[in-house]
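The structure is given below, and queries will be raised subsequently.
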Amino acid sequence: MDEIKHDLQNPSKATHQDLFGKGITYLCIGFVSLLVISILYFITTRGLATFTTNHVSLWKFLSGTNWNPALLDKHGNPQIGALPMIVTSFSVTVLAAVVATPFALGVALFMTEIAPEKGTKILQPVIELLVGIPSVVYGFIGLSVIVPLIRHSFGGTGFGILAGTLVLFVMVLPTITSLSVDSIKAVPMFYRSASLALGATRWQTIYKVVLRSATPGILTAIIFGMSRAFGEALAVQMVIGNAVLMPHGLLTPSSTLTSQLTTGIGNTTMGTLPNNALWSLALILLLMSLVFNVLVRIIGKRGALKK
Amino acid sequence: MQEYDYNKTHIIDIPLELAMKTENLQVFYGDNHAMHDASLEFPRHRITALIGASGSGKSTYLRCLNRMNDRIATVKGKIMYRGMDINTKNINVYEVRKHISMVFQRPNPFAKSIRENITFALKRNGIKDKNELNKRVEESLKAAALWDEVKDDLDKSALALSGGQAQRLCIARCVAMKPDILLLDEPASALDPISAAKIEDTLMELRENYSIIIVTHNMQQASRIADYTAFFHMGHVLEYDVTEKIFTTPQIKATEDYISGNFG
Amino acid sequence: MKKRSFFSTIVAVAAVGVLLAGCGSSSSSKSKKSSADSNVKITAVGSTALQPLVEQAASNYQKANKGVNISVQGGGSGTGLSQVQTGAVQIGNSDIFAEQQDGIKAKQLVDHQVAVVGMTPVVNKDVSVSNLSMAQLKGIFTGKYTNWKQVGGKNEKITVVNRAQGSGTRATFESAVLEGAKAVKAQEQDSNGTVQKIVSTTPGTISYLAFSYVNSKLKALSVNNVKPTDANVTTNKWKIWSYEHMYTKGQPNKATKKFLNYMDSGKVQDSLVQKLGYISIHDMKVTKNASNAVSQK
Amino acid sequence: MNSKTSNNIATGVIYFLVACVLAILVFLLGYILITGIPHVSWHFLTSSAQSFAAGGGIRDQLFNSMYLLVLTLIISFPIALGSGIYLSEYAPENWITGVIRTAVEVLSSLPSVVVGLFGFLLFVVNFHMGFSILAGAIALTFFNLPLLTRSIEESLQDVSELQREAGLSLGLSRWKTITGIVLPAALPGILTGIILSAGRVFGEAAALIYTAGQSAPTVNYGDWNPMDSASFLNFMRPAETLAVHIWKVNTEGVTPDAAAISSGASAVLIVVILLFNLLARMLGRWLYKRMTATK
Amino acid sequence: MPKIITSKDVHLSYGSKEALHGISLDFEEHEITALIGPSGCGKSTYLRCLNRMNDLIKGVKISGSMKLEGKDIYAPNVDIVDLRKRVGMVFQQPNPFPFSVYENVAYGLRLAGEKDKHVLDERVETSLKQAAIWDEVKDHLYDNALSFSGGQQQRICVARVLAVQPEVVLLDEPTSALDPISSSKIEDTLMNIRHEYTIIIVTHNMQQASRISDKTAFLLNGDLVEFSPTEKMFIHPDDEKTSDYLNGKFG
């Protein structure tokens, strides 16, 4: 009797185990946080150097359209206007998401509503393979197939936002699809039965109930896809043309933040203005990625409140 | 459907040796006051049934008894076990749960073999001897009246068992730990009648050696197996007495209405 | 707690191991360096254009000199120069003079020229022009001419593909051709391979490439009726060329010096350099300095 | 429009979209394999690369890719497992958890070149690791961690709450419940997560150019001492992976058969990823069976 | 009274397991019929055959005849969508859509293409009144239906079904997930509408069946044991098993 009393009032092996386990997981998450913090610190300090050390005005950086960091303009100011790249990055990202979303939703609905068993069996590996193809390979296929195709169908050189969009479309498709599948699957089965029992067709059920309930999840999926597209470098660099020009259309060569960063970073020296300017581009990428994530969170919360 | 007077209760003291008791137990989910002042005594080596309609708080109450509500709700009041209040911070909840074990409404065997379902927790508690483990497996499966059905398939996945078998495996799993008290949360409600009957038989046999507290929405089940029955309604314990009395001469209007099927 | 389960052991051991590796790696590699005197490690970083040559030479060199470990990496000329300057690597490979690179204190660095690379304007095969004057070439790259018919070809839009800002190839081309004028904004590619691919597949394109990347799928242009040949480079009749540099910080140490000497020896200069499409430094009849002044040797 | 007609049209459209996606994949795989397989031979797989002569192979690159993958997983899996368990089982629902989640997500969408340069400056230069497999593996860990953490967290969440209750009610500690019951049940999901992230590791190039380097010194496959600089197991040596090789051959390659090497290497890369998927799937099924049934 | 639904020798199996072994039951217009029996006896399964909700489950095979006003429900040319409009269903768990109350109730009408705002308004109000929930929600028509209590949600679900004006309303243990007060409100609702609709209700609560139904069918292990007027069944059951069940000997 007293033994039990003692057991109950004192820590046991299980208590130690739990502390031990808790310790380990805290250590791991702490390590991950440390990694993130160090990389964020690194990029932020480098990226801000353009404005603090080189005294470039932030407004000029964001609104200027001339990118030539190694040269000075007539007034002796460095020419670093990142607007063309910002615009292009946004264009390819948004367009890629716009093109990919219907396909992703189609596939997701097929996998969840139309033919769950067969669909998952066939399409799950398809999605995983699309993820598995390296971006270098996407880039070269884009360069040797999509660019000539665009050139022949629309004229021009073939390089430009359209080519970038088409390559990115395939690259973000798996992300949007698999996240959409998750959110559609999360719609409770009884919504579907309720709708069908009221005499709705399958499409009416999908359209009016399933998609409507899954909207926050689907938006999240799209934003995650966009954030992937925004950060993709190698594949885009190969097909976008890398001309730092305000894009005039979908077919003229242009340059995204990542492509400029990848192209230029090896040819500049640490600590110089051209190098710092490139890090400022990286900082924009980082901030955008943050914005995308915050958006996802807000949408997620809204969606949660609804339910 | 009328509102009842929750101040009028009929709760007896148990004249036998006690397994455990609660004093003024209250449960809050956030702002929601789910359980009001429940003070009940549970006899040793008897079956006590907790009955009441859905949402009456009987499951919530049961889950407090081995601190399974720790993470989801705030529990106030005393839970007395062996002269100690086990609802305090310095109590080792893992030890509590070794002595006060629980079977849930939905059968939840581990995704392991039948044998491992039983031995898993035993091994973690330091029993390494193979013979001892085998003995415990056989004993507990026999106690749960499952042995004959599975003795040749001990190394097959427990997920292949039928719902009723899986539930008896879950009971065996608890019994193997040789707990003091068994808590059962509607153990038969998800099962077919034949399986449910087998579970009842099992409980009747276990009664010899264990103190059993069972939540059920099936009044007939309670009347068949329980020695004492408590009636819960809207977060209050309104009546607690010998089972027979509850079902033949209830003292409280709400109990009477419930057992005669006026609601629920 | 004698016997932890499979998972917790993995988690524990690996997590601790990783942390140790993260913290301890700097010390472990340092200690390795000091303990092995015979095992010399030389790292050369920088120009991707120069990389194949140095890599091959290093591989041959290591076969003859056991115990020397030479690691050759790309990363771009800017990376090469800034890393050799900080002392992180022994050799910085560069396509341009250190003086031409922003942010490099050229005085600290010692230049070792190991090869000469000639560059030529190249066009897609459908372009009928095969010779341009220097002025016309400049006109095209500054945006003055936008159609091939303006320089004597057929009516076809000129598509300019430039090289990445700051790259050695572009610096060489601009100093020889543009003479300080500003290049038209156009597509930029930073690698010879990609440019080769783009020019050979896109009609009306013009760009420029190192000699070694000129192949049968595209057309090299003569400038002022001078053909882009090695012989013309050695006499500076062909103006668009540059050195390949291997920089060291101050005077190189013994092992590095020995390797650099090997790079300058006949074994490399007379075979490897030429096989890779470069021009041997020994063949040059002229020299060029950082401010592009050419003088007879 | 009649509701039945619209139902049929919508179903048709969905089938069409699915067919398009399938066609895209078939085209991609077909293109890579048809252009690449003719260049793949035993010689191609087993000989080392040539800088400027034709007839080079990809033996070292292939091995390096594998080795790097294994090393990356060894580093990132335990951390991701710990973090995944934390987020799924221990993390309180408050703003700190929110910040951690966001941070992990941000990490996964950083452009790889940025991570590569960060790794270069920190590990290669500051920590004196030099261009090495280890530096490469750490850089890849940056990508791998968020993906892996997220997928492990999700797989754990998919395991029914009933299982946790069962473990706890038997007096097991939470840690034992998680590692002994929840984790095995989540194993198939975790494995899928590993496959997906492995694909990305295998195909990553930009981050490795600056960390693992882009040269593949000849190594001795008979030397099993990882401390020896010539050993194939040495992880302080520079190593060019298959994806980096494809990139290099395409951008700066001066070998006469650059195009053939690039398409051949791409085909090998895809085939390896395919095999990897297949194997891991089988392994997952086998492991699940083993864990759930006979010991 | 005319029989609205007739069924004869209905067998149903999931894969190789037969769950219904030949059930023949007829339902009369504007009556409440209760199906009772212990868990797993097949009462819900049978109910779900009547509006073909079992079609959604893989591997289900159904044989025998089921007719709605003389027309075979399982004939190949039957329009399932139309059938489900005529035979509405309320489920065990309250399952309103995550929309406003108004949108929930108007859902079925909108599906049918009704666009006229007046017609919608009127029908929503009528249905909510029939379901005895109007007073509680009339000021919150545009609030999310999920913000109401379980009992209110269930009555909104009843209103949602009534809005489509079906001929038959199936209810699958509509009160088993509710507290006693809400349950009794649902019962009131059913008593309210019994003269306009044919109601078939599955319940595990015998007292509930005895309170509200006109006829009761007792099912056990996939067989129909007894089917008779409720009063008679609860006082003089024909079958011994029925009396055992009613006396709580099992179940």
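A, B, C, D and E label the chains in the order they appear, each numbered from 1.
Heads up, the rule we're going with is that contacts are C-beta pairs under 8 Å (C-beta built on N, C-alpha and C of every residue); 3 or more make two chains touch, one makes a residue touch a chain.
None of the values given here were measured: they were computed from a predicted structure.
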Field: Neighbouring chains common to subunit C and subunit E, by label
entry: A, D
Most widely separated chain from subunit D, with each centre as the mean of CA atoms: E
Query: Any idea whether A-C or A-D has more C-beta pairs in contact?
result: A-D
Query: How big is the gap, in whole Å, between where the Cα atoms of subunit A centre and where those of subunit E centre?
result: 48
Statement: Averaging C-alpha coordinates per chain, one finds the centres of subunit D and subunit E separated by a number of Å equal to 52
Task: Mind checking the centre-to-centre distance between subunit C and subunit D? Centres are C-alpha means, answer in whole Å.
output: 31
Statement: Contacts with two or more other chains occur in subunit E at residues 81, 111-112
Query: So which bits of subunit C are touching at least two other chains?
result: 8, 11, 15, 18, 48, 74-75, 79, 86, 190, 194, 197
- request: Going through subunit A residue by residue, note those that touch at least 2 other chains and give them in order.
  value: 13-15, 17-18, 20-21, 24, 27-28, 31, 201, 204, 265
Statement: Contacting chain pairs, sorted by label, are A-B, A-C, A-D, A-E, B-D, B-E, C-D, D-E
- line: In their shared complex, subunit A is touched by residues of subunit D numbered 3-4, 6-7, 10-11, 13-18, 20-22, 24-25, 28-29, 31-32, 78-83, 85-87, 89-91, 98, 100, 102-107, 109-115, 117-118, 121-122, 142, 145, 149, 171-176, 178-179, 192, 195-196, 199-200, 202-206, 243, 246-247, 250, 262, 266, 269-270, 273-274, 277
- request: Would you mind writing out the residues of subunit E in touch with subunit A in their complex?
  value: 51, 53, 56, 58, 81-85, 88-89, 91, 93, 95-99, 107-108, 110-112, 144, 146, 157, 160-161, 164
Query: Across the complex, what residues on subunit A touch subunit C?
result: 13, 16-17, 20-21, 24, 27-28, 31, 68-71, 143-144, 147-148, 151, 157-159, 238, 241-245, 253, 255, 263-275
Field: subunit D - residues contacting subunit E, complex
entry: 3-4
Message: Using the touch definition from the top, list the residues of subunit B that touch subunit A in their complex.
response: 81-84, 86, 90-92, 94-96, 99, 124, 126
